[in-house]
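By written order: A, B, C and D. Residues from 1 in each chain.
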Amino acid sequence: MQHFASDNYAGICPEALAALQAANAGHAPAYGEDEWTQRVSDRLRDLFETDCDVYFVFNGTAANSLALASLCQSYQSVICHEIAHVDTDECGAPEFFSNGSKLLPARGDNGKLTVDAVRELITRRDDIHYPRPRALTLTQATEVGTLYRPDEIAALADLAHRHGLHMHMDGARFANATASLGLAPAEFTWRAGVDVLCFGGTKMGLPVGEAVVFFDRKLSEDFAWRCKQAGQLASKMRFLSAPWLGMLEDGAWLRHAAHANAMAQRLAAGLQGISGIRLLFEVQANGVFCSLPAPVMTGLRERGWRFYTFIGTDGARFMCGWDTLPESVDALLADIRALAR
Amino acid sequence: MQHFASDNYAGICPEALAALQAANAGHAPAYGEDEWTQRVSDRLRDLFETDCDVYFVFNGTAANSLALASLCQSYQSVICHEIAHVDTDECGAPEFFSNGSKLLPARGDNGKLTVDAVRELITRRDDIHYPRPRALTLTQATEVGTLYRPDEIAALADLAHRHGLHMHMDGARFANATASLGLAPAEFTWRAGVDVLCFGGTKMGLPVGEAVVFFDRKLSEDFAWRCKQAGQLASKMRFLSAPWLGMLEDGAWLRHAAHANAMAQRLAAGLQGISGIRLLFEVQANGVFCSLPAPVMTGLRERGWRFYTFIGTDGARFMCGWDTLPESVDALLADIRALAR
Amino acid sequence: MQHFASDNYAGICPEALAALQAANAGHAPAYGEDEWTQRVSDRLRDLFETDCDVYFVFNGTAANSLALASLCQSYQSVICHEIAHVDTDECGAPEFFSNGSKLLPARGDNGKLTVDAVRELITRRDDIHYPRPRALTLTQATEVGTLYRPDEIAALADLAHRHGLHMHMDGARFANATASLGLAPAEFTWRAGVDVLCFGGTKMGLPVGEAVVFFDRKLSEDFAWRCKQAGQLASKMRFLSAPWLGMLEDGAWLRHAAHANAMAQRLAAGLQGISGIRLLFEVQANGVFCSLPAPVMTGLRERGWRFYTFIGTDGARFMCGWDTLPESVDALLADIRALAR
Amino acid sequence: MQHFASDNYAGICPEALAALQAANAGHAPAYGEDEWTQRVSDRLRDLFETDCDVYFVFNGTAANSLALASLCQSYQSVICHEIAHVDTDECGAPEFFSNGSKLLPARGDNGKLTVDAVRELITRRDDIHYPRPRALTLTQATEVGTLYRPDEIAALADLAHRHGLHMHMDGARFANATASLGLAPAEFTWRAGVDVLCFGGTKMGLPVGEAVVFFDRKLSEDFAWRCKQAGQLASKMRFLSAPWLGMLEDGAWLRHAAHANAMAQRLAAGLQGISGIRLLFEVQANGVFCSLPAPVMTGLRERGWRFYTFIGTDGARFMCGWDTLPESVDALLADIRALAR
């Protein structure tokens, strides 16, 4: 039975597994000195159409925390959305890696930061008792499955840069965002002013690992040492990097992401026909958030479905993955319909 | 061409890869709630013949640093051997994870701590300006390929516990040690007084990941939260844990380790016949350390061999892995003989 | 000219200075081994009518941060009011000293935490991605000059202890609170469930230094080492501790605090007679918060008065100190009246 | 009775106390915005004959740790002498403030670093597992009462700068060094290549506080925020800074230091006449280190004298302060003579 609790429930997609197996041939230098790591890094530079610095770390917690730590000192701060994963679901990881950089949460509809809310936090105070904002982070796709348009990102980046902040993008679901926007990755990253991107690999279909992509290469100085000290340097790096080759080969990563997005659309369409159920956010990526009557929630769980309630609302979160089957979506919908009667 | 630079140059052994592929079936709960992680943990409890707590993290840097951080506060210290990997090759990781716990290096022949050297550091001072020793760490097999006998470990553990220190074992090459000692793992871990073991998986043949085994379960309180905050909680945990199943199945881990040890013996035996070359340490695991005339070193590198010089001596380090072929050993020996003439 | 910007603008009160000078006789052991430190600690134990552990540190930032760091691990969290000084004005110090413990802000009228708001944060989640609340901190007197009654503190402490949280009190203005409540300090600290109190000395009239008072002595284990490592152990400790002797002698600390409170009452009474000006909070200690028309604010600054605007409102904050003169209050009132016409 | 255990046993010298009292007049802005802090900073700029940045912190632990933290990242390292106070007596403070920067101890006679020993540590390795040296710290006067000549400092600074390291001087006894060398402070600090100096105030005769002097002003960027977050920003800063005015007025600081040095010479001269006692280091500042027969040590303690044994030898350390009386020195010598018979 497939679940909608998290896109982490899915396994390794075929292209990634094949590449991992292909990389398992003979001896290879450790710690990233191998050919696979080199090749994937070049492919990512091709993908982003620029000469960026690329590093591979083990998970998203570390990718975002290390990236943010490289952007600000312990006595400075990071502006994020109040429902940003880095603030709500990392158990203090950004503060741990940075040795105390504060996260300053800002409000904004649909999980998206607004220029006004960010400006208020930047300009509010300038005294020594306030940790000066030095980085701005946004999540693309957002935690509620919405997307920033390139112009929205550019406006935030412009504001950030004018005030000396660096621009970070949490791309745990960057593939879903790219597939949905139908734009070249460069259009809504560095061309829009993003300095550092954490490109999510795990949710996309890899076994383990994310890529940290520095478009502003000055910011990546010594990043390899930072990763090493923080326990994020893989000895057999090829097994973190090689799977990316399979994903990037003939657009597999976008095909899988587009499929997950389509399953979310299928689910959303089905839900809209059911009385008493309301979509909480526009479905722009692979997540569907809707209000569910308590009895329906209970009933679904009794029937074995796993999913998260959406903190702070009576809502439910349904995530679709690269392997979500139409039959699974339809089965879920059928149960919701039955319970909603 | 195979190399002797590091046992990290080897790939994934067949049993581990098969288990990883077997685990790649359908959906599984994330963050360690899956069946594979549960089963491997039980198997490890069987292996150690005790009800220990087991956690899987991404690499050895994190395994050792998180384990030590859970044993002492930032203002306390950890006693280690002066050539201990945690002190010489982790770029300050233990200090980073613990937020400042100092490592106090002790001398000792053959890379092994002595009771006298450790006692001196424990009893030297008791003033507030000295970080009180709270943990003792030893490496089994040591960084120079030697082994602690169970009675040696027991003597150190007894000293440590009498003074309120916890006992940690860095088992990056625990498999090689076990295969060489021919003892049940329990004999030279918890029965000898070890409180926490970092059981190395990568060098043993896994793609990624180590196990942190708490024999003193009081010490593992909240360890899962510690791992999460430090970026060491894998979302698709099954791909870290499942490969262990393959390794532990009918003793594959020991077969591979025994083979690596045998290759080291083969190399050592061959070296002893060559004039001008001297073994620096008794070969008890999978590493061979010997003095090499400078021209021989240069010559080997010119012929494409990769290996490390042994810091502080005119020596060379040759590591054998689970996949090292007798032909590779013989080819290396042939080149050394030719160059030594 | 006296100012109302901060009670830190005042100098050293006579009793404290006299005690400092008296302590400046001959040689004394360093790092707190001196007789003065011993005597003050005993006097504080008398004052609190219990056998508490007492430590002296340099300032309030360190006192609160070190106390909180001793109450929770880096992967745990601290619940505080959303306008708590530890969250809004310490530039990330609590996160720095604890290596990442998150502060979870709760709402509440009049700068005071409510049982419901705290319970919601404690019980909201119990998953591994959420830093478990391990400490609760309240400020007495609060940042807006209000006070917690003993029963309010007891209710919060009871809730905290039932859920395994430790109870911390930020007493930067503990003297003002005590003078205003007219109760024995024990009544609204340990008898009400407070585990650790940071007793403010500087604002009270000392040149430098605060006292950290552990009522739950188990929590102070190794606190001296924690202070040392964090740069908070004074070598000539007697000059931090001795001034407390003068303050505690025949209740000087309460006389001064009562005077500051009275000056705040005098100011508040005067303001209430002025149209267009409204008190924002009940004046229960030494701070007066009121709304001021923009022209009045500007006018006051033009006339040389220093004071802070109250973040987030059109309000002004006026703080009275141990040395604030009635004439200064009246002069401020006269200017406000003149400007308000 | 006066002691020779530490120059921290002495109280506040008259000039410092007078200045502290003078500063205790009326209201003054907090956090260093006061006139006294401004004036002392200017006086220090005059003293050093350069436009340096000056900050006042509470103690030497913090001064050195914050200065070093501003010179290197957590994954980098600091080279120091193996008996440097920052490594042996700060309970891990430098590692705590820097979040893990490793201290790399180097050998050297008379407590002084040598160019060869430092070069070896800088050039030993350049791999990612080794924390790259980024700062060099030396202590002037050294922990064993010896001094670096300007040319020795220049040679170390030149080496450091050629390899991208910053140069830090721990000047806990900078006054004693200056008085003994008879040179302008500029000569053996910035003109010799020192980038940051921690100028010790407490041992010199202040109640509390040290000055951090940045000769390379680029390195002090945001240092005020760093101090604030680390709990080292004094609210009533004038009481930390003003006492310096008294010390710097007509060279009081040098007179007191010269007196302490003279007392050390008097003690050393007396000791040389006693058989069985040997000076361990040349007496160049205010500390005397000598070998003492065990019975003499015991006897002295029985007669009430307080002093430290010198770790790692059968030696004793006698420190002289600004207030040490000739009579005290003679009384100590008399007892030693009596016991040595």
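Heads up, the rule we're going with is that contacts are C-beta pairs under 8 Å (C-beta built on N, C-alpha and C of every residue); 3 or more make two chains touch, one makes a residue touch a chain.
What you are looking at is a predicted structure, and each value in this text was computed from that prediction instead of being measured.
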item: Contact-richer chain pair (by C-beta pairs counted) among B-C and A-C; value: A-C
item: Chain located farthest away, centre of chain D as origin (C-alpha); value: A
item: Rounded Å distance between chain A and chain B, as computed from the means of their C-alpha atoms; value: 34
item: Euclidean distance of C-alpha centroids - chain B vs chain C, Å; value: 50
item: Distance from chain C to chain A - Cα centre to Cα centre, in angstrom; value: 41
item: Residues of chain D whose C-beta touches two or more other chains; value: 31, 74-75, 90-93, 96, 99-100, 128-129, 131, 225, 228-229, 233
item: Chain A to chain D touching residues, read off their complex; value: 31, 73-76, 99-100, 128-129, 131-132, 222, 224-226, 228-229, 233
item: Residues of chain A defined as touching chain C within the complex; value: 74-75, 77, 88-93, 95-96, 99-102, 124-125, 128-131, 311
item: Touch list for chain B against partner chain A, complex; value: 1-3, 5-6, 8-12, 17, 20-21, 23-31, 57-62, 65-66, 90-93, 96-97, 99, 202-203, 207-208, 225, 228-236, 239-240, 306, 323
